[in-house]
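Input: structures, listed below.
Two complexes, one shared chain (chain A), two partners (chain B, chain C).
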Partner chain A sequence: DGAAVLPAPQNLSVRSVNMKHVLTWSPVIVPEEIIHYSVEYQGEYESLYMSHIWIPSSWCSPTQRPECDITEDITATVSYSLRVRATLGSLTSAWSTLKHRFNQNSTILTPPRMEITMDGFHLLIKLEDLGPHFEFFVSYWRKEPGAKEHVKVVRPGVLPVYLEMVEPGAAYCVKARTFVKAIGRHSAFSQPECVKVQGEALPL
Partner chain B sequence: RGLRRCLMSMNLHRVEESFRGIKTAIQAKDTFQNVTILSPSETLHGTQPLDVCCVTKNLLAFYVDRVFKDHQELSPQIMRKISSLANSFLYMQKTLQQCQKLCHCRQEATNATRIIHDNYDQLEVRSAAIKALGELDVFLAWIDKHHGGTSAA
Partner chain C sequence: QEFQFGPCRVEGVVLQKLWQAFWAVKDIVQAQDNITSVQLLRKEVLQNVPETESCHLIHALLRFYVNTVFKSYRDKAVEFGILKSFSILANNFFVIVSKLQASQEKMFSTRKTARRRFLLFHRAFKQLDREAAVTKAFGEMDILLSWMEKFYQL
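Our next item is the complex of A and B:
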């Protein structure tokens, strides 16, 4: 029975940032041999109702690299079980299963990168494209005491965004954060970025 | 929590996308074309606002407890899409459970659901599961209509 001869992959873990989920593990080393890995997953539904069912991952059945992008397989905000096994020719290892089930609501949300630009007297913001899950909350204000802070919600795919008309000689600041409706969470705000508008301030 | 706000976190866009991925393949396997299970005219069309939550809850349970379980699939591609649907429905069930206080079940809602189960029981179980899966767009359209605005994600 060749199943147990090949050691099973160890140290499975999931690295999830901004709704991109990557399963990693320690490679199985057999000198001068190429090891292939197969990844399978089981959603909470399968665990509850069909525990014998495991589904081959979209991109890693098989793969040669000790990691697997499982983003397309994790499609609901429920917990998922993941397992990997190694294969060398006809030899197959035992399955190794991720110790703790993974839920996309644990993903790390980073403040979005942004670029503030001017188009004439229009203040524009270009935001990092993080994919269809992400909305952006953009906060902007005129850099002067007591200035009112304005907020604009930016849907996925709508870039760059016009914020407002600006006045010569004035300075404006902008910050942004992301929101992911599927998990009901938002990132921290980015550091404010300020720009000074060319030209002489208008007389009062 | 208002029912709409309660369901707002649902990612219906992804559910619709998953269904589009299997619709042709699943409907092609449906050998009883002249029979329907969800039969909109009898069950879903006339749903009153008061009954929306209960019908939603009952139909989610119908799919989670019966249809997805009864369907057997060999193709990995279709398995993935059905897993996506099943786990999304499971998530919707959990989300709906937060609205228990708003989810009263009147006789009209219970009758509508019972017709669907009766239709399902008329067929052999595998055929029934295939047909109900193929009619998911009827249910998704109904959710979109009655829980409007939950599909943007």
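Our next item is the complex of A and C:
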């Protein structure tokens, strides 16, 4: 019947890094028109027991951008279905559903950025604040043959970290990785960073 | 952030999120419960539960919530516009039940006494009109979360 049909968004995918999840799709193009999108989700429970019910996303029902931060919608370590549709005035496209369900346990965990400084005779570590999900395993040692490696677990919100008393003239190295209890996974270690303490080494 | 129900450990559930989800809907949900003389999760069900029984009991209770209470309450959740909180609670209870499934099966000794406690709850549920019972059980989730909190370690 020649009625205008709005194409459904294509190429849905989720980009998830350090427990921040963003759903993206290819924009629907209609020259000189502004397209709005609506995003909805279903947790595993809904899919199993109430599959006709979808929940509007917190931030993207509607949105004009071809992406949606769904971090606040993913609130359990179960698989989620996600769908998007386009709207132009009274025209609405069909829903496009993410081909593979998304589970936050697939998020990419990157080694944490860190900064090592001295505070008097203390080694001070500033770690990237990645949010309440993240603990840090900080490993540090004195840069000399046979030195013992120490490990410190840093809980969320306990930054910066004082490591230990250091000796003048000595060098110390530090590396760190993140751990996310919600998904039981950790990142790779960051590259070790070393610092030399000012002053003369103490006589033996 | 993990639950330790006696020998059963459950990681990956943030209790604070469950509390936030329930607080967001508490008034709406509890306002629907007109039977004030009955409490399903009463003292005899949850008080002085030995650690060794806690795994069985919480598994039985949460499985009942997942398979019966949430399932029956879903249309009301749509009606009241509380799907977001409903989803947070349902999916996280679903995670806990799935994770407890394996470990609680291995423990036979404490099943009988834990079962008796669950049956107290279940019998009280059955004695009410179905819709009233589901509404009351959903509204009593704060009692359940408070009890679960005792087994939660940050």
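Note that in this section the second predicted complex is superposed on the first by the 200 of 204 C-alpha atoms of A that agree within 3 Å, B and C clash if a C-alpha of one lies under 4 Å from a C-alpha of the other, contacts with A are read in each partner's own complex, and residues count from 1 in each chain.
One rule holds in what follows: contacts are C-beta pairs under 8 Å (C-beta built on N, C-alpha and C of every residue); 3 or more make two chains touch, one makes a residue touch a chain.
This one's a predicted model, so the numbers in the text were calculated from it and none came from an experiment.
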Inset, instruction - Could you say whether A:D69 touches chain B, chain C, both of them, or neither, answering first, second, both or neither? - result: neither
Inset, instruction - Have a look at where A:E164 lands relative to chain B and chain C in the superposition and call it first, second, both or neither. - result: neither
Inset, instruction - Decide which partner touches more residues of chain A, taking chain B and chain C as the two options. - result: B
Inset, instruction - Answer with first, second, both or neither: which of chain B and chain C does A:T77 touch in the superposed model? - result: both
Inset, instruction - Mind working out whether A:E46 is in touch with chain B, chain C, both or neither, as first, second, both or neither? - result: both
Inset, instruction - Show which residues of chain A both chain B and chain C reach, each in its own complex. - result: 43-46, 49-50, 53, 55, 58, 75-78, 132, 155, 181-184
Inset, instruction - Flag every residue of chain A that touches chain B in the complex, lowest number first. - result: 43-46, 48-50, 53, 55-56, 58, 61, 73, 75-78, 132-133, 155, 181-184
Legend entry - For the chain B and chain A complex, residues of the former touching the latter: 8-9, 11, 13-14, 18, 64-65, 68-69, 76, 79-80, 83-84, 86-91, 94, 152-153
Legend entry - chain C - residues contacting chain A, complex: 1-2, 11-14, 17, 21, 66, 70-71, 74, 78, 83-84, 87-88, 90-92, 94-95, 154
Inset, instruction - Spell out the residues on chain A that touch chain C in their complex, using ranges where they run on. - result: 43-46, 49-50, 53, 55, 58, 75-78, 132, 155, 181-184
